[in-house]
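What follows are several structures.
Each of the next two complexes has chain A plus one other chain: chain B in the first, chain C in the second.
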Partner chain A sequence: MAVADAKIPRSARDDRRRLIDLSGPALAAVVALLAVMIVLPMGWLVVYAFATKDGQATLGNFVTLFTDPSFVDPLLATLLLSVSVSGLCCLVAAPMGWLAARTDMPLARTVRTLVMASLVTPPFVGAVAWEMLAAPNSGLLNQLWRLVTGAPSDEALFDIYTMQGLIFAIACYTFPYVFILVANALDRMPGELEDASSMLGAGTWATARRITIPLALPTLLAGALVAFLQALNQFGSPAILAIPAGFHTLTTKIWSLFQFPPKPELAAATSLPLLLLTVALLRSQAAILGRRGYAVLGGKYGAPRPIRLGAWRWAAAAFALLVLAMPLFLPYAALINTAFSRISSQLLGPETFTLHNVVFTFWQLSSTLPALQNTFLLATATATLGGVLALLIAYIVARQAVVGHRILGFLATSPLAIPGIVLGVGLFLAYTRPPLTLYGTLWILLIAFITVELPQAYQQLGSAFHSVHPELEEASRMLGATRLRALKDITAPLLRSAAIATWCFIFVGVIRELSAAVILFTSETKVLSVLIFDLKESGDVGAIAVLSLTMVILTTVVIVIANRIGGAYEARVPTRVGA
Partner chain B sequence: MKRRSVLAAGLLLPFGARVVSAAPAAEPVTPALVEAAKKEGKVTYYTAMDLSVAEPMAKAFEANYPGIKVAVERSGAERVFNRIGQEMASKIYRVDVVNSSDAAHFISWKGEGWLAPYLSEEMARDLPADGRDPDGLFVNQRTHLSPIAYNSKMIAPADAPKSFKDLLDPKYAGKLVKAHPGYSGTIMTATLQLSRELGWSYFEKLAKQKVLQVQSATEPPKRIEAGERAVAVDGSDYLFWMAKERGSPVEVVFAAEGTPQISNPMGIFKSSPNPNAARLMVSWIMSGEGQSFIVNLSGQYPANTRVKPKEGRPPLASIKTFKEDPAAVEKQADQIKAQYAKYFKV
Partner chain C sequence: MASVELKGLGKRYGEAVAVDNVSLLIGHGQLVCLLGPSGCGKTTTLRLIAGFIEPSTGEIAVGGKVLSSPQRTVPPEGRAMSMIFQSYALWPHMTVAENVAYGLRIRKMDKATIDAKLTAILSTTKLEPLAQRYPGELSGGQQQRVSLARALVVEPETLLLDEPLSNLDANLREEMRFEIRRLHDRYRYTTVYVTHDQAEAMTTADQIAVMNLGRIEQLGTPKEIYDRPRSVFVARFIGGSNILEGKAVDAGHISVAGGTLATTGRTLTKGEAVAVSIRQHEIEIATKSDSANALHAVVSRQVFLGAARDYTVVLDDKTELRVTASPTQDIAPGQEVWLRLPAERCRALTGGNER
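Now for the complex of A and B:
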């Protein structure tokens, strides 16, 4: 700071100080807003966790939590699930990320785009699609297997209604996070280190073992943690696959405690371990990623030289496409099949083709239109308001415009540690009472969605601000522009594509969000994800397929339009947890 | 909100006749009511009925009274009950007309004083006395059953179960699908009847048969039709029949022990934001026309005595059914859910 200030002419420094004065109230307002959004719900959560039904202080809820098998079993199941998903994701994403980033695998760019595209699919839609594919009897893949092998009618190759099935279905929509982290890290890794190793006589394997793997390891560990957190906080997929199989995870257990007779104290108590575990894991992730700095020891490196795979090139591409079949090709084929057949277990053909589901969804189902409206209203409002809030915070923090800007940065990042379902419980407890009775309005959902999306938005815009040096603004100021003019003419254009990318990510994030919404919706504020979940509970898979495809098409259209306006955006690493 | 544990004697049966009746005067459906309903322009209908029946029924009502939009909020009856409780506690008044497959809910709502009396002239004339609340707060809309059913492509009729006891045979392990009493009012009602007739030990053994646990009573019929499981332990009978009638290999079994029977009461909430449209809708659903629509489409057993049950379906009187006991459900619902969760783990 001091060094930077010394370079700035007196007038500019005075100006900065004047800004500080003006920014005081702005800071207070933003901190108050964040407190209402985050601190208040979490406070009520803690209060409830330590209270009896009548409001007396107690530790009884935690005794129940750690002794009653109906709570201990879900806890153990959740840990097993998260560890397995994490392991499976790394096993698949690490080689795939390496192939895409460091080798001459054909279609590498396509593979990267498709991995990003698979993130647009809400995981709970993926879980429904995998039911269509791998339900033991009616699943299309099992039918195919029986047809080919002639196996008896009660034998199945896959059973999605098992712990293994759930692990697989969640991993399908979690490995992209690990892939993106690994591929981006390998992109940045200096190729010279590997070259040096080869020149000194090490073989490919030795180079990989001594150079590439150690350098990539911290990122992979961070990726493992992200996957662990995703699985830990996932609600939709376990609700769809674990409950039919006869077991709960922590998130579905919390949700079931909101069913009649509601037990909010136990739900709050069950939320706390989930919250603490997430905080602890995020801290270790930060520690690991913080150490990554040692990988790049100054100086500028050329782009790494791709490794020649030779004859294995197409095998590598086939592997990548096979992996992508799991979250993308197969599920969408199943959804299209179901959308246009009367019975989802029958293969689409000229005789089974029907528009019944489309007609039912759009002309009969009276919830479709309100849910679409609510969803797009909320997604647009969240992306816009959340984006502006994130921009404001990122600006204040990046320019260190106010004393105490660190608090802002901390508050804006803290929702990362709050699983969606826990946030839902907290907001429910905080806003079903005066003075702010927001339950039953779209406002409570707006708060939930902004809170959920704020960390990524802030991180993305924060790094964008860091890439625009204040000198540019200051130069403009010295040439006589006002601060606002400088922001408009200098900073805004430079941030444009980042801002639009952020808008898109929030928009997609809101449309995918289920776990907070499922606690907070009322009949009048139903969103698409909740409607799909409702339809799932009554087994109306035809309507689900139509709605899911609609949702994905509309989302894609919005993203394409936004990108036409804003130019290409760089892939961000989405780290949000739970959907 | 709590389910009332103490009940007035007259409320022990939802439709029990009382010596002193406070029934409201039967009202005609006047042009003034229709006008007032059209002015409101909408009505919100909370129901547990399958969407494939509820939405077309709503559209038929809309066609009869253009200008009134029906918002159908369908979920499991137990979810509907929870939702209404949460909404009332937060002073969110949205529900106009409610229809539940758990008759016990109407005992609770009546006890809370949340229901508004209504009786059209046609309802007063055509509904049996045991099919409506003596105070006119709710009427039975229709009756359905929760039988066993199987996919005849997956199981030969000779191998099909004949009774609930048969389902405990190891040969059915992994072949059963079953809905959940914590979600579905049909299943809550059926679980009370089955646990009363066969004992909870029956469910304890059934839980060891690797049952596919779905939520809604409307789902086992869809799973059987899709061939995901061979046998449905329970489910809404009309959906099994509808699947069979469109050519799917679905067969219904009325178990030797008896078959759970479920009445589906309907009432209007006092807090209804569209009280005229609500009355119009209830009067239409209970009229000969509304009842015929439900019967023709789904073949559920009508409540209106002037409407004949659907041709080709077994007459209700010919089926050995269990006795309904909403008052017992009302008292035991939480226990039933807890007991069920203990055996089935979810």
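Now for the complex of A and C:
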């Protein structure tokens, strides 16, 4: 709002009046935009869920949902999946986070970096890689096992196409969220709280049991909820692993309802429980983390003393690296193997090395270039437009520039609670009809991506605004600068790195997005993630591996740039739902 | 209870020396303050005594038993000590009662004993009405008392306090100073108290060890430290001293700013550079030269403070001195005066280069 208003008179009073004059319409415009992006699709979702094919009001969709086994089974499978993933993640991530944050485990920094690196991997890429490793017949690990033990060719050690396999594959890319939460909480926990316990005679384990663990417990619980949400809303991994295994989760079920013949009412009805569950879980997570009794008190705190593991130091590091083999070392070995090997199920060697897959993917596969173009176009446009929108909202809310700024903050964060696939369904329902028939264009994907990325972008920029104390602006205005001049001279330079980092993270988020795109794409508007997913159908693993690696490299480069500029990846990590 | 003895204690972090050859004997039931500016090594010394860090050289013995040496350090939990932290370090997930009883539980006492001791200490520290509150619901002073109660209830051999009052506001700080001394007089634990606040040290300590650059610069009772500072650093750090720099003319006189002063404190060697300290209120301002040990000066500024007048005067060699005079003595800036410096107050110091 203020940006458009460059030729204002120098007088500060005049400047303020102009700003307030403009702020009403500006607020209205932003609210209207958010309504189009969020309220309208969610509204249609609810309408469809309670309607028959012909538009009559009904509860029949929900009766089907809760009685028809083809819906009840996915519901139960999803709950089993989410609970198991959540439990497994805590089991692995809590001790690992503690080792990295509180002990003298060697390579602790490396472990932390590698955990972050495993988050860079889109979960569905991980699922594809685990297929290459642990499919019953062609899986590399199974072949290795048969080679070593001489077992017959129809026997397999691992089968990734099972519920256990799916739990494992999702946990691989979910435990980092829990790890980061736990490790950061332990980092922030003042060492003196443990020192005080030692002084009173408690040994290392008594202190851990009575002080450290109880203090970390709320964080772990929040981490468990994050893991649960991830598993609940993930589309890619279940689509890749559960469907061949012969079962559905809620997300894949919703997706299948869009395959021919489409049943959008049932899809909408299936989306609602997913949406409500997500909202409820996010609320309880916020409640747990915000509990007053656990707020650490103010004052000057020293850094914690690391706990000495003695002879166990290297065992601890080995454990951490073994865990990291699951999301990182093994999958990337498999992807590289498949990308550069003549036959994907053979190990890469000098004789089997080939660039055929690379050549094929980029020069012969006709859909690669359009998909890359679409992805770049959408990522750039989303990052730019979404970033500006987030900046605007963050400014209005942080400086409380207009009455009603709270509504804006709420709307901007609300997509956090909307699983990608649910948003996809809502947008599909809202924009396959006049007045805005956007389905089949890149616009609908743009709206979807901006909506998905808005909460993180807003939160990141909002906290950046909070770190620039209003007095800094006021000091500039006391010296005679107008409000705009103060924004330009003081606030903008202080926010620049945060804004660039946000841009990069939105860009990366768009490249990785699959679950909304998979509902909204048409053959003309394929993006990279959808292309990889589509190639699964044709079974072209070489091209899948090349594209997956391309995606990861692209993502990594942008993230490294963003980190160089000064954004913190952690800032956006724990809240992302349903990639 | 037992004495605490530091023998040639040193702690190095790479090249940096945090504590440098500190020796100190703290007798049974004594309260010793480690006093010094930030970075002087006082907190490191305390954490060495607590067993959180290991010495690079020297050793720490409690009751004749060596607890810390470069070869072997008994962990904090094995030392029967208590510590009060600058941040209080109250556990936010436990109530006041749970915080205080923690050490007793760790010692596996039976419930009746724990309850009795808990009730007693809560009453001594006036915390009974707050027993079921969480630390987050207490004021700073209340948190401070919880932290005292938690440390005292286990009846430690040694009590360590790390800047315990620095997070309190001025009024409360004064009150808690006396509170700490009161509790010490009552329980008589051997106590080491780290602070950078001179008044805090003066109120609470039996002995003060003034620390600078990792070493103990001077050890003595508060009165000794105040009346007879040994070095320029101590003189400056403890209660506003003026420092005069001159040259010894014989064993008991120096020449400074065109005059001669008789000094006390140590025997001087003729010709050496000598720093002399004298406190602001020990100097007398006169309008004429009528005594020995007087120096000529010009008033550059004076401020009326109600109970006193604060003068800034300049000697002939441009040295600035501060003088606290009677409020009735009103001399305008620019006027020439004579300063009377009583010989028994002009203390010749050592260590003229460190300040």
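As a working rule, the second predicted complex is superposed on the first by the 541 of 579 C-alpha atoms of A that agree within 3 Å, B and C clash if a C-alpha of one lies under 4 Å from a C-alpha of the other, contacts with A are read in each partner's own complex, and residues count from 1 in each chain.
Here is the rule we go by: a residue touches a chain if its C-beta (ideal position, glycine included) is under 8 Å from a C-beta of that chain, and two chains touch if they have at least 3 such contacts.
Since the model is a prediction, treat every value here as computed from it, not as a measurement.
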Between chain C and chain B, which one touches more residues of chain A when both complexes sit on the common chain A?
B
Could you tell me if A:Thr384 is touching chain B, chain C, both of them or neither one (first, second, both, neither)?
neither
Contact-wise, after the overlay, does A:Phe260 reach chain B, chain C, both or neither (first, second, both, neither)?
first
Under the stated touch criterion, which partner chain does A:Thr432 make contact with: chain B (first), chain C (second), both, or neither?
first
Tell me the contact category for A:Ser366 with respect to chain B and chain C: first, second, both or neither.
first
In their shared complex, chain C is touched by residues of chain A numbered 190, 192-193, 195-203, 206-207, 210-211, 214-215, 292-301, 305
Interfacial residue positions of chain B with respect to chain A in the complex:
2-3, 44, 46, 50-52, 55-56, 58-59, 69-76, 78-79, 81-83, 85-87, 89-92, 94-95, 154, 174-175, 182-183, 211-216, 218-219, 222-223, 225-230, 248, 334, 341-342, 344-346
Residues on chain A engaged by chain B in the complex (per definition of touch)
70, 73, 135-138, 153-154, 161, 242-248, 256, 258-262, 343-345, 360, 364-367, 370, 432, 437, 439-440, 522-524, 534-535, 537-541, 543
Using the touch definition up top, name the residues of chain C that touch chain A in the complex.
50, 52, 75-83, 85-93, 102-103, 106-107, 134-136, 143, 150-151, 154, 160, 166-167
